[in-house]
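By written order: A, B, C and D. Residues from 1 in each chain.
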């Protein structure tokens, strides 16, 4: 592993922390980002700078891309000075961005037609896990490519799940987001019913969070709920978009999802009433008996 | 604590194990059950037998009742030879049965009018936690009565939550069941979407169960799901009834619960199609893309 | 028919108009009401006054009751000076009030045990149809009793439907209300989607109302919607209560109703956000993209 | 009007009947269809045949297209021998096919860039109304173009609604289908609740259909329901697809539609359980208490 040259593109909130962990573990890095300033800390500690995705890719055995949406991945990959123009046959491209399964499949085909190997490896976890190297990788592609990338995943994350062929990593990411969206609605309705019945909100919240019926991830939303402060980590409107993606995917695969669609419309209501830019946990606020948004 | 005389009534699947744990910890017990056979093991190890609830109550400082529904609690309490006829003023009645909050409130009033103290203390957990002394107690009543009962809860359980005045323990129990019901639907839809997208069911199940988006309680349903075997621990029709209780309670408290009602009707569909006597996790089967129940 | 003595009790908004139509058609009437003033117009034109329900019932061959809820029906029937104390065996009691099916069944049994015949005959239609004699009667009981009452129904209404034995008239009334509730939600969502797509609200409203996909009853709500003025004819909170009755009835009969329950919660949301005392058509306002209630 | 030369393309179930009505009213016609046989009856009565869409368009002042989906409209319009290659500037193209609003907008732009006027004018009504000249036209475009086409709409239909600029006719068509889909679910749940309560299915069906709470269009589904025979007029899977289009459109316009999404999933369930090729009214069968599909 240590002999391989690694390129990392996309040094935003997540990418910069992931690259930092690779560097700290001794990985020789070549980096690229739309704006060079975000690379400064890495360059100071010895990373090499590339002016274009192509330049970064040319000398790399393995390339990680952490970009904010499929359109940007496409641009970085296919532009004239893009990474596909630079990557040598046999190289491995690991896209850790969150994108649609079908987009990952398309990227895999485009890569394959150029003799390049591809993994879709979106991560579960946000800023803090990225910093601590505690992300969870959900990976689609060839098992042997997964094995090759695993040492890097182990540096940046605490678990890596091989889900099947290309697109399956991105597919699993959708499922994780669906679970999170639903957990938040279920928890909200339950807590509010509790207070409607005369229980103390704080007591209900803490009893549930310490009980095995509550998903552990909900603990991370405790403070937002109890302090009624919903600054965005994962904006509610993005979650609503993901649920629309779930519904569309289910339609395409001929699977009925009554509960997922019901939740989707609750997020749509919340967005419609001004909570789209708040954290997705603001669905708690929308589902209050006397929703504060309606009294303003 | 050890000086107090404890009566325990209701020695079914749960009660027998709970009483056994009290006995093993050295608590002097007087027991009663509709059928005496179920008390044999306890009597062999030194418990005293009472022919009637009244007889059990007369010499007790504290009485536990673990009965299967409100009707039976009512009967055991109010019949001529019932426990309220036997309990001396100042005694403490701890009802650990699962009942409606309003029923617990009524029992508390009836007890109070006779100078008897009352706690509603339903438990979360089934056979195995009962046996291992790992139940979770959800308790409503006076704080000092809770404190007095706590040593016993600690023997039978691993956690005890004081929820507020009478009825609040039973209220919290409804919330736990609601969370469980919803978790099961959410997990089912998510797993089935995964397989519809081409993921392996087993891989999705295990990836989710090892991820913080899944409530730990779901692990207990893993084998039923993967083995497609839904012998009842908690019959689906009882869960559907509990969801109807949730909906009615929400109506009475003027709280809208769109998602809970949507889930309620999914359990109603499953029951309607023959899964009422299966375990509540059989909702997984009902929500399959090609539900097996529909091909029989 | 003309030889029979008819008693009419309950001279509110509906009852006074129905009795007036009977009187205008030449029916000899004896009337009773909690407050005598409401009977004045009828007395002026020859109706006889009775001080108590019992007094009204004693001389009658057929009694109509038009009361506002089951509690008042019960009181009028069973009080010491109540109608059941006055009715002679063989007489016919026609309850045209809107009540639960199970309540109608109970009244039928109580009547039958006294040798009195009973019809539950709730009406569909409000003030204007009552005045014009254009109500629709939904009737449960014996076919021959229905035939006997039909001439009176024909005076007060434009259609009478025999639905089966006692309780079935009241059952049918629930179904009518369910249809109305759902029509209103469906129409609201459809119109608002139209305006979201850039269509003129008035054009969409009128195109739909003139198209066979719209229930004719919706025409009666056109002005409320287009003028955004929701003074109550049928308060929204009563419709929400009726939907809860639908859900409870469906539960009791083991029938899953996903859409009815979804609509139920939309009315619950609307009520929760302050529209409970508005007309039920104010669900249109709640379902607006930018609900006015949320901007106040 | 009579001086204008009219071309009609697409002589399927609907188109052949619509063209026949134009011909019977004395309109000089030039026709084209993928297979010539379907034009025989029209040719016998004096219509002119065109070998290609281009040929048909060249001599026409006004062209009607009645094609089965957007892909075919696109092909007929843009192929080398297509209608846009033939139409002279100033001519009027009236697309009476059912397509997405955005597709209609695109066609309007393409036409406009060639100096051609365009109306989207989808029809409401199926075989029988087409034959009787009782269709309903929902029209988007310029008011003066609508006025010009109106005499032809009047021959083929009983009502024509001008909805606004291009795309608005197609938008209105979506709304009509949504209302139909919802009416069918609402009616089904209501009737089945009635039978669950002990009412006769036939009595409930007919009482509702004769009551203003039922949309008149439901009468056309009466026989399918009462005879439990669901041969397709409008296949259920197409309705499910239309509801997915509704949900996607609502998402794009940021409008929450809880009830429409709930209904969408009921159709999805029905399709999933084998009713996709039955008539859309087979949702009645799916929503039965003991759905026959589940006993096969």
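In the analysis below, a residue touches a chain if its C-beta (ideal position, glycine included) is under 8 Å from a C-beta of that chain, and two chains touch if they have at least 3 such contacts.
Note that the coordinates shown come from a computational prediction; the quantities given were computed from them, not determined experimentally.
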Query raised in the report: Which chains does chain C share as contact partners with chain D?
Result: A, B
Query - Chain pair with the higher count of C-beta pairs in contact (A-D, A-B) - result: A-B
Query raised in the report: What chain lies farthest away from chain C once each centre is taken as the mean of the Cα atoms?
Result: A
**Report entry** Rounded Å distance, chain A centre to chain D centre (Cα mean)
**Finding:** 42
Query raised in the report: Using CA atom averages as chain centres, what separation in Å is found between chain A and chain C?
Result: 55
Report task. Provide the C-alpha centroid distance between chain A and chain B, rounded to the nearest whole angstrom. Result -> 38
Query - Per-residue overlap in chain B, given as positions that touch at least 2 other chains - result: 250, 254-255, 257-258, 262, 265-266, 272, 289
Query - chain B-facing residues of chain C, complex - result: 244, 247-248, 250-251, 254-258, 261-262, 264-266, 268-269, 271-272
Query - chain C residues within the chain D interface of the complex - result: 101, 124, 136, 138, 159, 161, 163-164, 167-168, 171-172, 174-176, 178-180, 182-183, 185-187, 189-194, 196-200, 203-204, 207-208, 210-217, 246, 249-250, 253-255, 257-260, 262-263, 265-266, 289
Query raised in the report: In the complex formed with chain B, which residues of chain D make contact?
Result: 258, 262, 272-273, 289-291, 293-294, 296
